[in-house]
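Below, each structure is written out as structure tokens.
Two complexes, one shared chain (chain A), two partners (chain B, chain C).
Up next is the complex of A and B:
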């Protein structure tokens, strides 16, 4: 069918919004929870994203990444993590005292490990 | 009587340790890089040799630096090291003069009294015997302190003492047994023959009154020999390896060898040179404020020696450098920690006895793998041309008062400048480095370097000590890097800014990366003295505290950070100053959260005192020090 006729009239086809916990991989999140328990405290306020040095230059949201990691939707996280400069401003502004810098470092480590053990 | 079987354990231990130390030195020398080999050779045949000998005498034997830090602890180390050295030296001389013949086997000197029980009755012999007893008493007094310290460390002025592993315990026990067993062995022999000086003689004759001295002496000579042998054989796999390693270290250091950023012989020799004296533990704020007691440098060194996985220990550190300053052996603790951070998690290798004696090269950390960063999104920009550029840094953007004050000061100075990251800049790269990710940091460094180069500036002013340190050390820029306190000092000296005097009591907190990290101690205090009443705190310069907010610690919880900050702020504000001044946006932010005293950056204080109107518009080429900078 190609582009549907409806799209020409301004309608879009949204991707499915279901979160399928069966197909999602929560191992990254579990690893971070274990090593940095403060990750559980995040209330997703977005303070980290607001102050982010990288976010000043490109689309990068630590809040979004946190949510995605917790859901186990790792593909997007893997690509985006590389943009972080580890400057630490997010940790300083966090109202819940989450050690966000360590979360990023641990996530990078976790991805490396999961790549190693991937079948 | 020329030989007895009891000397065999001692002989085995002695020859083992001599052969081991020689082999080890050869391996260490072989593994040095080529330039370092040349340095060491040159140092060995040059003036450095004399310096090294002097240092070995002052540090390895007298323990001057420990004495300076802590008199009782220093006495303990000195009596054992220097006393033992004297005992061996005078013992050898004694055996040579009074023995049956000259040039004896080593055991003749060590067990002299056993082979010459009748010695020391009159004249010079008696005086010499008195001297030997005096040395033994000197060692025993230190040993007594050591034993007390092990169970009650406050006696020698230490809050904590190091925890030991099993082999360390056995070695420690054998070390403790050496001198008391010598005392008893000599005393019994002297008691049986009615010889000996004030110590061995009197104890001997007293013991002989109710014990069969002749029969009792022999087992104690065995014990003496056995404990010596055990100690020598265990020495390479325990902390006592510091005795030979420190000598090697002193030669290497005086030849100009430095740690660098990769693991190698020098870092290995340094880890072996750590005697676990525990001075770094008492200096560590994580220990005395936050109650984190397993990550201090002494434990890091021990874990590296044991081939343990040290990534957790290495990352849980504020990198404030207090332990570097205090280390009596002069081990470059922070650079070694950085090497471990770059290495990441170590492979768990099979540990066996052989590995303990000969740590293989392969167990030294490999390059860490990490998901490569990707900073392609950074677009090249065209900064405006200016002689002076101001780089606020991420942390300064989080504390806008500092940024605004600096703009105010720069405007008032009338100099042409460019606020290069006014709209938010790229991180300087040090936070990545501190996390052990040097390659990623290099990308950011290249980006910033290009921007600075394009601006055509000759001076770079930054407000953040973290940026300052990395600009100075890791950027290869043809510009003069100044922290804003240095820059303000220069403005004041040149008369470019005029200020009122604020009648306020100020205490200065020296930030780690600016003070201990980069050696900038005086300029901030001179600026503060110029505008306010600067008071001394108990933690000045090299002894300054860390605010606890350091980016270097990846592991610390926000609660522990707060504890460190709270204690540090309390200690600094004990005299109730009006302002707690600092020169770092991160320190300011950390302290503001924990103290009721007003916390301000020096730039804020200067901006407050500033007589606003520009006195005269200068062109930058007019001024002396700015001119010097241009020629830099």
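Up next is the complex of A and C:
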């Protein structure tokens, strides 16, 4: 496909900032809900992020990652997943008993196409 | 012959029940484990949402219960609880037997023991206190650190022992949010130079005039509200408290040095209530509070005929709700006693 005339002249179409809820692919979330049902219990308190070593030094928030998975913002999820060191401190502080560490493990699996739900 | 009802617990609910029953001509024995009645009301200095003195409510309850011939048994606990056909036999710690036609359980709640949330350092670090400890300071007229100096930066942590699986409590204690707002205002009032920060997961301002108080805290007193659960506190070399939290609305982790931390301890089924439940075969729920026969129209009714519940032994409640619940317990027990005469 050739570039449109507008693009040839330096104009590009910006991808909107909105979460496109209808088009987003939320299969990773569905997969995690099934394998780790506690994933549904998050109330976004941020306890995980507060204690997270990675989050204190780099732009990484486990709480945010959780919500991005649920919304199907997969590009951002993919970029952020690799930052987690799987230390599991987040799981220790979670007041809702979410196995946050396993959420990360499952999300990684989904991206590695190591499961029937792989994306 | 007049009927005899034993009320277990001399806090707000027990006093209201005893007063109303004796007003209706019922003979009442009121059992209280402490040396004086009033329960948690004695620990609180001022009450939300209008910051009236708790002593005013105590005066009302004393007025309800004095000179009515209520048999008051202080420093008394129930050690045995049996049902014999139509009546109950209760043995006290002094070996005295109380024979009752009906029993009202008003054993209330215990405050969550904040030392169980070790990560907040209660009982480990200086200057980590609970909401109840702060009320003591208000009563004594001085908010101070252990070295006697006034704190400049105070953090209030919501949900300590509530909505927390790690503490074994899934439920919301419902009153701590508004207590935090009330206490934040009182700190600012007493220490105008201070800064107060409330760390919350959700602000639950579901009672009459609670939201207005929240608004007043922001508008008039400049209290800051930061949305995030504090994950831990640690003591610094200069004897301050460093907390870690995510400012979830900014989307970034936040650290802050504070002089004092106030933990909003939640409400739990009381130890006394647990003991009564065990002895009397009374059902308790997943939250360990007494389980009422019906959540909508039987919140005073137990699984044992003739035993009724009043107040916070069934769920967290504020004083207004506790008094209403006590009054509805009275209508239940009056119906029961009337039916017994048939």
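The rule is short, and it goes like this: the second predicted complex is superposed on the first by the 96 of 119 C-alpha atoms of A that agree within 3 Å, B and C clash if a C-alpha of one lies under 4 Å from a C-alpha of the other, contacts with A are read in each partner's own complex, and residues count from 1 in each chain.
Everything that follows uses one rule, which is that contacts are C-beta pairs under 8 Å (C-beta built on N, C-alpha and C of every residue); 3 or more make two chains touch, one makes a residue touch a chain.
Fair warning: this is a prediction, and the values are worked out from it, not measured in the lab.
Peer 1: Once the two structures are overlaid on chain A, check if chain B and chain C clash or fit side by side.
Peer 2: They fit side by side.
Peer 1: Examine A:13 and indicate which partner it touches, taking first as chain B and second as chain C; both and neither are also allowed.
Peer 2: Neither: A:13 stays clear of chain B and chain C.
Peer 1: If you stack the two complexes on chain A, which partner ends up touching A:50: first (chain B), second (chain C), both, or neither?
Peer 2: A:50: touches chain C, not chain B.
Peer 1: Tell me which partner A:101 touches in the superposition: chain B (first), chain C (second), both or neither.
Peer 2: Once the two structures are laid over each other on A, A:101 reaches chain B alone.
Peer 1: Given the touch rule stated above, what does A:64 touch, chain B (first), chain C (second), both, or neither?
Peer 2: Second partner only, chain C.
Peer 1: With both complexes overlaid on chain A, does A:86 touch chain B (first), chain C (second), both or neither?
Peer 2: First partner only.
Peer 1: Between chain B and chain C, what is the tightest CA to CA spacing in Å in the combined model?
Peer 2: Closest C-alpha pair between chain B and chain C: 6 Å.
Peer 1: Could you tell me which stretches of chain A are touched by chain B in one complex and by chain C in the other?
Peer 2: Looking at chain A, the two contact sets intersect at 51, 56, 93-94, 97.
Peer 1: Quick one: which bits of chain C touch chain A in the complex? Just the residue numbers, please.
Peer 2: 119, 159, 163-166, 201-202, 227-232, 244-248, 251-254
Peer 1: Applying the document's contact rule, which stretches of chain A touch chain C when the two form their complex?
Peer 2: 43-52, 55-56, 61, 63-64, 93-97
Peer 1: Spell out the residues on chain B that touch chain A in their complex, using ranges where they run on.
Peer 2: 369-375, 377-379, 394-395, 397-398, 423-427, 431-432, 435, 437, 444, 549, 551, 554-559, 586, 589
Peer 1: Under the stated contact criterion, what part of chain A meets chain B in this complex?
Peer 2: Contact set of chain A toward chain B: 38, 51, 53-54, 56-58, 78, 81-89, 92-94, 97-99, 101-102, 105, 108-109, 111-112.
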